[in-house]
Amino acid sequence: MCDPEEEETKAELDRRSFVVGAASGFGLALLGFLVAAKQSLLGGAGPAPIKGGPYNIPQGDGKYTFVDVSGLWNDVGITNRTNKKLSNFDEQGTAFAQEALPPSFGPELAIVPCPQDGVKFVFPDQTGRVMNVIKCQSDRVEIPQGRYSKVHMLGASLRGSTTGVTGFLQFDGGAQSSFDLYLEPWRGGPNEADIVLDARKIYLADGTEPTGPDVHAYLYHAQVSCDSTKVLRRLILPSGCHCSDHEGCACKISDIRVLAVTLEP
Amino acid sequence: MVKISKTRTASQTLSFITINLGFIAGNTGIPLVILSCQFLKYRLFDCFFYVLQDGLFNSGAATAPKVAAPYLYTLAIALVLFVVMALFLGTAWCAWICPVGYVQDLLSKGRAKAGIGYFRIPDRFQKYVKPIKYIFLAAVIIISFGAALPWISNTKIRNSLYLPLCYVCPARALFVYLQIFLGILPATTDVPLLSIISFPIFLVGALLFRKGWCIICPNLGLLSFFHKLNAVSLFRRKVRCTKCGTCVRVCAMGAADLETQGDVSKPECIRCYDCMDHCPADKSRSTYFFKKKIAESKFPATRLRKELLVEA
Amino acid sequence: MLLFESLGRFLIIILIASVAGLGIGWLFLSTVERSERKEEKKETKKKDALNALLANLKASKGETEASATSQITLALTNLAKQRRRPENMQHFDSIARFQGERIDEIEAFKKAGGKVVGFFCSFVPIELIYASGALPLRLDSGLYCTVAPSEQLLPSDACPVVKSTLGTEMLELSPYFKSCDVFVCPSSCDMKTKVADVLEDFVPIWRLEVPRYKDEDWTKRAWQNEINSFARNLEKLTGQKITREALRRSLESAQDARTVFHHLRELRKTKPPPISGRDAMLVTQATAYDDLQRWTEKTNKLCSELEQRIENKITVADSDAPRIMLAGSPIVWPNWKIPILVEESGAVIVCDELCTGDQGTLSDPVNVDEWTMKGMLAALADRYLLPITCPCFTPNDKRIDKIVRMVRDFAVDGVVYHQLRGCYVHKIEFNRIRTALKDLQVPVLGIETDYTQEDLGQLRTRIEAFLEMIQSAKQVFATEVTQ
């Protein structure tokens, strides 16, 4: 005996399969169109990088003192997919990917510890909307006056080991001392002892997003001793290389990028 | 008799492992329509709700339409992708792939083994419980977009309203805490207080109500718009049904009733197929993927014990 | 985070609160709702007039007993005389004889301190009875000779099943009845409800209030309460607590029995079936008295034999014998009048819609989703109320669906609707069933009868005419197809 309920089910299934099939086909087509037409839809160069802030940077956490370098951030070194056109950690359109950083670093600023010895840094906004790295070119960092024994910096160099990269510490009363800033290259160097983080994804200038276990982008922790008998007023960051051709330049100075500065009394 | 629940558990386990395989394969950047937490280290997929909240917030915070354009574009792609995924599996994403659902099922199994019963929300209260997920969804969208608009001047308050769902999402509490405990994420990872508070509430919901979180989950609220418009369909044949009431008793979402016939999908039905597994009437409940039958209810024949078997 | 210390404090508070919440929740959930019920009357008060009446009846007990034995023997002889009867029916014959090994087993069980719980209808969960250590016995009676004595205490136009049962109890004719420590009387139909009042004078009675509506939340909760207090009463009776393991074991062994029963029904779908309706119904009714596990074993053996017969194409009926479904009022052993008449007239009964047959205790399974005490009791309460299509419920639409489904599955050619005198609920539903079957183009024969042999001739004529009509209709259909 025929079962009218079976027939009803079949009819319902036919109708439904057709509707779902048609709708998903349309949806996939739309998706393809959107992905392919991204260039023309978004147009041109996209938004220019903007300065962020004002930021509420805490003074310190009792032990360390955080230095507010947010006014000195002058390029976008960490972006997300939305802003990857602004990638420019290395003057060549590459940058760290926010998606590869633990979001515990927060959308705005976050306090990030150094895994080896617990030194804390204020980590900048990583969305790429705003500038978040300092391209060191003898920038003057004003320090909350006090006596400190160590100056910690979070950053990386662009290529090769750094030599002859000198910065200055200026004290109250006009005294000044120099220091050698040593940071490994951000894409990987021989000595990886001071790694603060290792991101597995970067954005390239052509829009690709290499990712995976072979991709590395590091940030390092550098430490500079300071005379704690004197009162520190100012930190002068190293200057960058001025040569037009970095590959063959004679100064052998490697560009430095610094994200944060912390002081230890 | 192999129940479809075994297949479902296998699928949940597989997806749980796969989603956490980011340390092998990296991050694909594809947002899945389940609670796959964005805050995990080494995740294979992104969380759709993170993309949604982030996109809304950034669009609202944009100072000019040109600045908002890329965020809206990402949001548009994510939405179209969502629609395609929802058309494909509908609410079956919840019971077959979502890792929070997986944890809830494991907790239920543990509770049953310990001999403790559960609370079934009585029929007269079901109608009050069902709109909660839509209210939750609306709240998430409104807060994400509204918080970013220029009427809040204090950036600290504004930033604390960023990602409202992530404060209470059990996926963060379950999996991010686990990663912190295992040392994969640093111990000083940001763990909001609200997230800590919502975790025991989630546990209580899972243990007392079987699928407590799923009942109020905003993700289900979003997927439930496609509950009948998807490829996974559930049918009930009235003549074959004996109205034994088992499906109504067994359904943890309150989505089964004895009157609806034909396509019996409800907005709450997450295709866990407990109703079909326990239905004793042959061919009464059946499920199809597009036009192919996947499974149907069968009389629960036992394998007779040795003493009762006849020597051939 | 900078607030780590206060966070730790918060964490501890939250942890304590959630543990407390879970603890309270557990307290609520692990205790099963048990409502208080007034104590049933324990002692049996036999009034003087009643004693005098019973003394009178005892005088003629010998006659009645002989009559009962002859009714049983006649029916069994008819069954034995079938050509190509399955061999494995012997065990069920011995159970049906109401004497012998089974009686001895029960007596030994009682001597060892066991309790026997007798019950009516399909509303009583036998799994609970087994789990508490007692023995269940289903007590409907099909003896003709015990009807007359009961008419002293019941109206003459009352349902004959209840009259026969009361008469058997009054005369202490059945060893099964005598061994019961208590009768469980669900308030299903009017007669079953009120006979409890009369039986109270003879034996302790437990009532189970069966609600008239099944679809309402509050009736389902009331029924759950009934089941829970039934369980508690059983525990008090046997002195044994119903543990989770005991209940689980008895549920599983009942599910074994249901599997085998389901298999037997499936085998009767074959064209033509390997076993006659008279025999299959006897197998079903044997569950009323037999030990469940042994019944499962023997029926399993019978099923294996039937499978063999299907392979070797051995059947009990001609291949063109009309396939009949019996429906309506209960047909209780040894009242085999209608099954024997129908099958002797050349038809074969392939299924039935009787609460004493295919729709009895073994028809629907108990679907436990979680093996917790609460889960098992909830499953039991659901199974012993919702899928039952007894016409004592209102509305009872599911019964029509069930009949339609069975007609389709078993390829039924005609339905014999059996109505007992005084069984009004079945009579009222006959109209709707006849209409539904008309839509399916299946003929129905309505038979009204009683516990008497007087209308045998009349019934035979009507049944034969009905079967002839079915046969000729089938032939017409066949010729239509070939043309």
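Order as written gives the chain letters A, B and C; numbering starts at 1 within each chain.
As a convention for this text, a residue touches a chain if its C-beta (ideal position, glycine included) is under 8 Å from a C-beta of that chain, and two chains touch if they have at least 3 such contacts.
Computed from a predicted model, the values in this text were never measured in an experiment.
Relative to the whole-protein C-alpha centroid, the nearest chain centroid is that of B.
Ranking every chain by how far its Cα centroid lies from the centroid of chain A, the top place goes to C.
Separating the CA-averaged centres of chain A and chain B is a span of 34 Å. Here the spacing of chain B and chain C, counted between their Cα centres, is 44 Å. Distance between chain A and chain C, defined via averaged C-alpha coordinates, is recorded as 77 Å. Chain contacts: chain A has residues 3, 111 touching two or more partner chains. Of all residues in chain C, none touches 2 or more other chains. Across the assembly, chain B contributes 188, 190, 238-240 as residues in contact with two or more other chains. Chain contact summary for the complex, chain C toward chain B: residues 1, 7, 10-11, 14-15, 17-18, 21-22, 25-26, 28-30, 214-215, 217, 220, 244, 252, 255-256, 259-260, 262-263, 293, 296-297, 300-301, 304, 364-365, 367, 369-375, 378-379, 382-383, 386-387, 398, 401-402, 404-405. Listed in rising order, the residues of chain B touching chain A in the complex are 23-27, 29, 38-39, 41, 46, 58, 66-67, 69-71, 73-74, 76-77, 80-81, 83-84, 87-88, 155-156, 159, 162-163, 185-186, 188-190, 228-231, 233, 235, 237-240, 261-263, 286, 288, 290-291.
The residues of chain A lying in touch with chain B in their complex are 3, 5-6, 8-9, 12-14, 16-17, 19-21, 23-24, 27-28, 30-31, 34-35, 38, 41-42, 46-47, 56, 81-83, 99-100, 102-104, 106-108, 110-111, 113, 115, 127, 129, 200-201, 209, 211-213, 215. Those residues of chain B lying in contact with chain C across their complex are 112, 115-119, 122-124, 188, 190-191, 193, 196-197, 199-201, 203-204, 207-208, 238-246, 249-250, 258, 274, 278-280, 299-302, 304-305, 307-310.
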